[in-house]
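Next come two complexes built around chain A: one with chain B, the other with chain C.
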Partner chain A sequence: MPLRTSSKGSSRVNIETVARLLTIRNSPILLRLPPFVSALCLVVGIAWLFILPLNEYSRQTYVSENAILPGQVHTYFGGSEHNVFRAYRHEVYQMAQWSQADRLAAIEGIMRDIGLKSARQPYRYTVAGEDIQGTNVYALLQGPRADATEAMVLMAAWRNFDGEINHSGVALALTMARYFKRWSIWSKDIIILIPADSTYGSEAWVSAYHSTATEVTAWRNVSELSIKAGALQAAVAIDYPVGPWGHRFDKLDILYDGINGALPNLDLLNTAVSIASGQMGIGCSIHGVAAHSDSYQDRLKTLARGVMTQSAGHATGPHSAFMPYHVDAITLKTVGDGWHDEMSLGRTTESIFRSINNLLEHLHQSFFFYILLNANRFVSIGNYLPAAMLMAGNFTIAALALWLQSGRAPMTPTTKPADTASKLDGLQLEKVKLGDAVVLVPIQATKPMIRHLFLPVLAALAVHLFGVLPLKALVSLHRDYLTLSLQAIALASYLLPSLLSILLVRTLSASTQQIQILQSLSLLLLSAVLATLATLNFSLAFVVGVLAWPLAFVRPLFNPFAASMTLTSTNLHRSLLLAGQLLVTALYLALSPATVLYILTRYFDTSVQWTLLEMAKAWQIQGVYTALVVWAIWWPAWIVGGVVLTSSAWKPRS
Partner chain B sequence: MDALRTVYNDHPKTVLFGSAAALRILLAVTFSGLPDLLTGRVEISTPVNSFKRLQEGLFLYERGLDPYDGGIFHQAPLLLPLFSLLPSSSTWIGRLASILLFTGLDLLTADCLYQIAESSAAHTSRLFSSPRKDRTWHPISVAAVYLFNPFTLLTCLGRPSTVFTTFFTALSVSHACRAQTVTAAFALAIASYMSLHPVLLLPPVGMLCYDRLCVQIARKAHSPSADGDARGNGFNGKVAIDQRTQPKALAFSTQMLGTFAIALAFLFALSRLLLPSWQFIPSVYMIPLTMPDLTPNPGLWWYFFIEMFDAFREFFLGVFWLHMLSYSVPFCLRFQKQPLAAVVLMMGVVAVFEPYANVGDAGAWLSCLALLSHVFEVSSAHRYTFPALATLLYAALLGPAFHHLWIYAGSGNANFFYAITLVWSLALLILLTDAVYSVLRDEWEAERPEGKGKDVRQI
Partner chain C sequence: MRLLSLPTPLLAAISLPSLSDATHTSNWAVLVSTSRFWFNYRHMANTLSLYRTVKRLGVPDSQIILMLPDDMACNPRNTFSGSVFNDKSRELDLYDQKPDTPTQESAEGGDIATESETSETTPQIMPAGIEVDYRGNEVTVETFIRLLTDRWPASHPTSKRLLTNSQSNILIYMTGHGGDSFLKFQDAEEISSHDLADAFAQMHEKGRYNELLFMIDTCQANTMYESFYSPGVVGMGSSARDQSSYSHHADQDVGVAVIDRWTYYALEFLETRLNSTSADVRLGELFDFMTFDRVHSDAGIRADLLEGGEEAARNRRVLDFFGNVQGVDVEMGDGGRESLGDWRADLEALRRIGERTKREMGELNVTVGAGSKVSAREAGADRSVLPAMRVEGDVLDMAASTGGSGWLKKAIGGTSLLLLGAAWVAGSKMR
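And then the complex of A and B:
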C-alpha cells in the first residue's frame, strides 16, 4: 500500500513497481479472500455431486475385458435340473427345522453325494459382550481343466442379510454344484460355500482362506480351512429367500459395496448386468431402486444411496467380506413379484460362471473406483474425485490463511473505519528506503511476527491423541453400556471445548496468535487426512467433509455490545451480529459427531444401541474404519473448533 | 509442575534425552508389532539399508558363509559382527535390544547436533558473522527437533542401517566444528564406508574444518589467555585474522584427504579379515552406483529406471550421478563464508537425489535444517516454508495410501505412488531452495543492511 512517495525523476518507475509488488503481496484484499475461496470450494464441491447424474458427466457402462465374453455361451441349466432343484428346496426346508448339527451333516451329505470334497469351518467372535458363532460348510469342485491355481466361489448364505433363511438360494447353489460337476469345461476350481451368516460367516471363511495360521484370541476364534484351492478370482452370492413353494421374482438387485467402500471391478458388475438383462431378460437394479425411470431424480437417488452405504463402510451382503482381499464379488438378490423363476436365476449364474471361467488374468481392465447411477450408467473417478478434493482443499485454504494471519501484527478486524483518512491513522507506518527514495508502508506488511509454536503443536497433538478415548470406549465396552457411553461422550464433547480453552487461555496464557496456529494445524491435518481418505473411500471423505464444513469458518466469538464496539456500529447492527453468533454456535453444536449420530439413527429409524453395536462389531471383526475416522479425525477437529470459538470468552481482561 | 520445571531448567539435556529414549522404548513395547511393520515399509527400508536384509546377511555370516553370496545383502560388512552380538531379532528380547541400539544411536546423533549448534559455526565463521545470530535457537531445541521429528522416530523403530551413516556424518561435522581434522575425516570415512554417498560431503566438511581451524588459531592469537576452546563463548563477531598465522590450505587438505584414505583402507582391510572374499566391495558400493534393484522408494530414480530402455541405462546412470556430484564443489565455492550451511545443504541434495532415497535420510536432513535456525525468519517471511511443510504432510499420508492401493488393494498402479514421490521430493526441494535463499540473503544483508526486509526483484 503505497501512501506517500518522495522520489526524484527516474527512480519513480522503480518505486512504483516495488510499491505495486508490496501491494499485491500484502494487500488486505488478498488476506480477506481465503474465507470466500474456501466457501466457494465448499459450494462447488457439493454442487459437483449434483451434476454427476447428468448425461455429460456420466458414461454408459461397457465390458472392458476381452476375455469375459458375457452371454456368448448357450446355457443348458434347465429341464430335469428343475426337478433336482425342487427336491433340494424341500430338503433345505426340512433342514431348517432341524438342529444345527443335523443341518450341517445334511448339507455336507448332499455335497458328498454330488461327489465333492466338503469341509466345515466353525467360527466364533465375541464383541461387546455379544457372541457371534456359526459353522460354514463348503465344498470344492476341482475343475477338470484346472491346475488348482485359481478358483471362483459360489455362495449362498444360510441366512441372508435380512436374517431370513435363504431356502431357494441354498438349494440353487447345491443344484448348480451338482450341475457344474458334470461339465468338463471348468478351467478354474469352483468352491460352493454355505456360510452360516451373511456378514460374519463369509468374513470368517475368507479371512481363514487367506491366512496360513489362525491365532485364537479372547474375541476371535476362527478355525483354519482344511480344504483350499488357488487364488480366488471372483465370488458370486445368491440371495433368494423363498420357501418350498417358490416365488417368481421381478428383478435382480445387484449388491456390490464392500467393506470400507471398496468396490469390485466394474467388469464383474457389467458382466452380471449384461447377462441378466441381455441374455435372460431379467431387469437389474442397484441399491434397491427397483422402479428406476432413468430420470435425474432416480439417478441422484441411486447415487445418494451408494454414497451413504459406502461412507458407512459396513458389509451389505456376503460378498462384502471378499473386497479387502482383492477378490471381486457381488450378490444377486431377487426382488419384487414378476415372472422370472429360479431356473432363469440358475441360468444367469451359470452364464456368469462361464464368463469368469474365461478369464485369463485377474479382473483388472475396468474401473475400481466408480459411482453407479443405475445398472448401466456410471461416473468414473476422474469425474467425481474433485468433489472430495475441493472439500479437503477448503480446509487447506483456511489453514493457510490462518497461518498467514498468525504471522502478522494483530489488526482490529471488527472496527470498520468510516473513510480512508481514519484508516490511515489507524495504521502504523514505516519508512522503506530504496536508494534515495522513501516509501511508507503499513508496519503490518513488513514486520513478520515471531510465531510461538510449542504450545499449539502440543495442544493439537494432545487433542488428536485424545480422540482414541471415545473410540476405545465405543468399540470395547459391553453392549449395555454403549448408549450410556455415547451420552457421556456427547456431554463431554459439549463441555470439553470450554474447559480446554480455559486451560489454554487462562492457565497456559495462550495468545490469540497461538489459538490461530492451533486451528490452522488442526485444519491442515483434517484436510490432509480427508484428501488421503478420498483416495481410499471417497464417500466417507466427502460426507465427513460436508459435516465438518463449519470448522473452516469458526472464529472466536466476541461480544458486540462490548465497549470497543459501541463507537462504530448501530444497535441494530450489533443485534444482528449477536444473532449471527448464536446461530453459528447452534450450528456448531448441532454438527458435533455425537449429535449427528443421534440425528442419523433417528432418520434411519434404528436404535442408538443397535447402531453402536454394529459399529463396534464392524470395527472389531471386519476392520471398518468409519469409527476411527469419526472419533480420531473428525471429533478432535471439532473440539479444536470449539476451543477457537470459546477462546475469547475466557480471555482475562487487562 | 514447578518441580518438573525446576528439574527441566537444571538438567534440560538429561530430561530431553531421557524422554526421547522413553518415548521410543514405550512405542516399541506398547505396540509390539510396530517395529516389524515399519521395517517392512518401502519408505523406510530400501535394498541398501533394510533391517530384514541385514538379518539375512547375519544368518549367512554366522554360518561362516559369504553374506554377499545371496545377492540380497548390500550393507557394510562391519555391521555383521556388531549385530551378531545381539540376540536374534525374531525374539522379543532381540527386538528390544535392537531398538535400544538404534535409540542409543539417535541420542548420540542428537548430541552431535547439540554440539554443532553449541559451536556457533552456523552463524560465525572466519569470513562472516551473521546479523541475525541472536535469533539462533538454543542447542537443546535443535536436539529436540531431531529427537521428536516423526520421521526420525519412525526410522528409529524401523531400524535401517542408514541411521549409522547419519550418526557418523553428524559426528564428523561436530568434530569439524571443533577443528579436529583427524577425527572428522575418520568419522566421515566410516560414514562413507557405510553407504558411499557421504563422500560427497568431503569437500564441505573439509572446508568447515579448515574454517574452524583458522578461527581457533585466530582466537588464540587474539586472546592468548583463553584456553582455546572453540565454543564461541564471549566470542562475538569477526576476528582480525592475521594471514601469517593461518594454516596452509594445501597442508590441511593433504592431512584431511590422507586421513580419510587411510581410514577407508583400514576399514576395508578389517572387513576383508572378517569375510572370505573381496565380494563385498562390488556388492556394497556398486549397488547404489548401478541400481540393479528397482524396489520402489520415495526417491526419484526407481520409476525412471524401470521405464528405461536397457541401452540407455548406463548413460542415464552417469547423468544422474553427475547431477548429484555437481553440487558438492559449487556449494563449497558459493557458501565459502558459511561452510556449515554448505554441509547442511549438501546433505539435503543427497537426501532428495540419492538412488535409494528413504524417509530416514530426509527426516535427518529436515532436523539438521534447525542448525540454520538463525535464518528461519527470512524463509518463513519471504518463502514457502509452511506450504512446503503442508505438502510434506500430504505426501506423508498419501504415499502409504497409494502404495496400499497399488500393492494390496490392486485398484491403483505404480503411477499413483510415483506421483506422490514426486510431490514429496518437490516439497523437500522447495525447502532446500528456501534454505539456500535465506542463507544467501542473510549473507547479502550483512553487507547491505539497508536491504533488510525488502522484496527481491530483478534489476
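And then the complex of A and C:
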C-alpha cells in the first residue's frame, strides 16, 4: 500500500482518500443500499424480457451465409412424383398394420428398390423400469459426384413427437429419396432416416453415428451403425402424420429447440422460413403460435413459449437429438387446415436440401443464441443476455452485502437514536496515525472481525452435496415410486431447513455471522452458476433466477413480541410485522422446487408421474441437465435460505 | 508483289490508316477472376465471357493470360456438369466453346459430348476449349503482380508470361469481391489499388505496354483505379465508392447468379456492336453504354493518364484493346538511308570484333607455347596476393614449389599412372 510514502504531499492525499473511503464504508446509505440494488436488478431483469418484443430491441432475420442461396433454384418435385408419393403412403398405411419385423423389412425393401444402401439399428433403453426399444431404418444416398466427406439427413420418425404414426411424413421421405436419387448435383451424401420414435430413436442413431464403439450397459443398448457417411452438416425432419386420404395443411410449424436449450444455427431456420414462405408461399409459425399478427402480444407469447421450452431443455422433436453433436437440425411440422399439400412440403424440402447442398462449410455465420419472436424476427444474445445476467447479479450483490456485514462488528444499538447528537455520541471514534497525520475514524471501521469460515463452508458444501440425493432418487427409482419420492422430497424439503438450523445454531452454536457467511456463500455459488448457465441455456438460468429471487432477500425471522421490541413498537405495528413474516414464510415455502414442480404439472395439465418419468428419461438417455440444475443448484440454495430464515428461532435465549 | 502494280495513291490510302493507328503492334489480355466457391459462379462466368470475346475478336490464346481460381464446370453442385453459362438461356457454353448455335441437347444440359464438333455450316467457330494459365491456388496477388511486372524465375514457362513490350496494348479485366481500394483474392488476401498502381508504374518503366485498358467489375470498383499514376492507362469500373455492384440475374436451374450487371452490359455491347475484327467502334461508345439504368450503379472511367485525356480515350477504337493487330515492328528511325548507315556501322563493328578475336587467338598460341612465361606470370600474381594472406604461409610455399617442379610432378603422375595400369594388368592376369 502506498501509505508509507516519503513525500509529504502525496501522503496527505492518501490519508484523505483513506479517511474518505473509511467514512463511505460506514455510510448508512451504502450499508442499506445493497437490498435495493438487488431488487432493482431483479425488476429490471424481468422487465428486460418485456421490452425485447419491441422493434427497437429485435431484428428482422436475414441469411448471413453467402453460400446457402435459399430459394434460388426451381424445384421439380411434382408431376408423377405425386403418384409415387400416394403409392408409398398407401404402403406405409399398410405397414402400420403389420408387425415391427415386417414393417422394417418393407421399408428397407422400398429403400433397396430405390437403389440405396440400407441398414437397421436396434436400440433399447431401460429407464425407471420402463423399456424403450425400437429399430431405426436408414439408407444412404451417395452423391454421384460428391467426395463422401459430408452428409445431410432427411428424417421422418415412424411415430411423431405426439405418438401418432407419421404416415405421410415417412412416405414423403421415401419419395424424396427416390427423387433425390435421380439428381447428380449432390455435393454431400444424403441419409434417409426413419427412426422408430421421435425422441429416442433419433437419439440412438445420432449417438451411434458419432461413436466408434457403443458400450452395452444395463440401461442402454444401442447397436452400432453398419453404414456411415461423412460429417453431418444438417438434418431436416418431416412431421406429417396424415393417413392415406391426405390432409391439406395451413402452415409449417418449425421446431428448432435442441437438448438443453441448444439451438441450430439461425441460418438453417431462416433458410427454411424463406424457402417455405418466400418460394412456396407456405406460412411459417414458431412454437405453435399459428395466428401470429406480429403484434406485441403475439411476439411476447412466442417469446414466452420459447423461453419455457428452452428452459425445460427436453427434446421437442426428432431434430433435438442432433444438437448436442453440433449438427444443425429442424423439424417441419404441418399444422392447421389449409390448401398446401404434400407436394408443396416436398418442394420445400427439396429446396432446403438444395440450399444445404450449396454449403461449403458447417453453418457458422449466423447466430447460435437467439430468441425468436416470429418466424422472421429474432432477438440476438447481446440483447437478451443482460436479463439473465441481472438476475445473477442480484444474487451476487446480496452475497457481497452479506459478506461485508459478516465482517463488521455489530452496531450496538438496534433501535434508532433519538437525535443526531446522541447518534454521534454512540459512535466511538478512534485515532489513527498515518505518517504525521492523525485521522479520527469510527471504531467499527478499524476493528477487524474475524470470520469463522469453517462451519459455514462445511455446511454450504454439505447442503449442495446433499442435492445429489433427490436428483439420484428421481432419476433412478422405478416409475411407480417416482410420485411418492417427490412427495417425500417435498416434505423433507419443508422440514430440512428447520432441522438444519437447529443443528447449526443449537448443536454447533453457529453465530449470526456464520449464518450470514453461509447464506453469502450459497448465494455466491448460485449467482456464479446462473451467470455461467445463462451463456449456455439462457432460459433455464433466467427461470431459475426468477423462481429463486426471494433467496436474495431472506433474513432471519424475529419475534415481534420479543422483549427488545416491546419498548419501541405499538401492538399494531408488531402484528403487522408478524403478518409480514408469515407471508414471507408462505412465499418461501411456495417457491420450493418441489412445490413449483407440482404447480407446473397442474398448470400444463400433465400428471406428476409422467413429468417425473420424462425428466428421468431425459436425464438418463439424452443428458438433459435441467434436473441437475434444479436439485443440485436451486434446491440447496433454497434449503440454505430456509436455514437462514429459521436460524433466529432456535437461538438459545441469553 | 501485287501491291507494287497498284496506283500509288491507292497504296497510300491503304497504308495511311495503318500508319496513323499503328501505335501498337500486339494485343494482350489478362483476365482475372479472384474468387472461388460455388456461389461465386458468376465471377468465373464474367471472366470466361470476356475470354470468349477477346478470342472472338482475334487475340490468340498465347496472348491471353486467364486466371481462374475455381472450376465451376466440374463442381458437383453444377446441374450442367462440364459447362459454364453466362445467361439463363444457356445458349452459350463458355467452358467448352462449341459452335455458336447449340444443339437442343446442350441447351437442356443433358449428356453432351464434350469434344466440340466443328460443323462447317456455322459462321463463327471458336477454337475449342479454354486455356487457363493460372488456376486454383496459383491465383494469388503475388502471381498477378509477378505476371504484370514479369519477374519470374528462369524456370517459369513462357506460355504463362506476359511477354509484352512498349508497343503492346494490354486489356486487364478483373472481377471478384472488393471494397474501398482493394480487391479480394480468394478469401485469403487482397490487392490494393496502390499495389496495382505501382505494378503499372513498373510496367511503364520497363516498357511493357503502350496503352493499358483496366476494367474491373466489383463493389466500389472505381476506387481501384484512383491511385494509378502511370501514363497510358485507361480505367473502367463498375461502381463508385460505397456502391455495390450487382449481379444481373440468376439461373434457377444452376441455382446461382450467372453474371454481373456491368459485365453483362459490356458483353452486350461487345457482342452486338463488334461483329467483325474490323468494326470501327470507339471506346467512348462503350463508356456511354454503361448507364445507371443498365448497371444500377455508377460505372466510372478514368482517362486523364492517357495523352489527350478523355477525348483521346473516347476516340480509341475498342478493337485497340479487344482485338488484335498483326503488325510487324520494323524499327526504321527517320528513313531507309540512315538505317542502311546503321547496318554499315554494325558490319564495321562486327569486322573489328572479328579482327580483335583473331589477334587474341594468335597471342594465346604464343603464350601457351612458352610455359615458363605462364608460370612466371602466375608466381607474380601470387606474390601480389602475399601481403593480404600473410597467415597462410603454407599455401604460398606450395604455390611456389609448383612453379619450380612442374615437370617433375608430371613425371611422377605419369609414372604412378603407369604403375597403376601395370597393377591392373597383373591383377587381371592373376585371376
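Basically, the second predicted complex is superposed on the first by the 608 of 654 C-alpha atoms of A that agree within 3 Å, B and C clash if a C-alpha of one lies under 4 Å from a C-alpha of the other, contacts with A are read in each partner's own complex, and residues count from 1 in each chain.
Definition applied: a contact is a pair of C-beta atoms (placed from the backbone, for glycine too) under 8 Å apart; a residue touches a chain by one contact, two chains touch by 3 or more.
All figures in this text were calculated on a predicted structure; none of them were measured in a lab.
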Which of chain B and chain C A:291 touches, first, second, both or neither: neither
First, second, both or neither for A:362, with chain B first and chain C second: first
Residue contacts on chain A - larger count, chain B or chain C: B
Partner chain(s) touched by A:262 [first = chain B, second = chain C, both, neither]: first
Contacts of A:572 with chain B and chain C, given as first, second, both or neither: neither
Touching partner for A:101 - first (chain B), second (chain C), both, neither: neither
Touched partner set for A:528, first chain B, second chain C, both or neither: first
Contacts of A:67 with chain B and chain C, given as first, second, both or neither: second
In the complex with chain A, residue positions of chain C that touch it: 37-39, 75-79, 81, 250, 252-253, 255-256
Chain B - residues contacting chain A, complex: 377, 380-381, 386-387, 390, 393-394, 397-398, 401-402, 404-405, 408-412, 416, 450, 453-455, 457
Complex contact set, residues of chain A against chain C: 66-67, 69, 72-74, 143-147, 184-187, 354, 357-358, 360
Complex contact set, residues of chain A against chain B: 17-18, 21-22, 25, 262, 324, 326, 362, 364, 368-369, 396, 399-400, 403, 407, 432-434, 446-448, 450-451, 524-525, 528-529, 531-532, 535-536
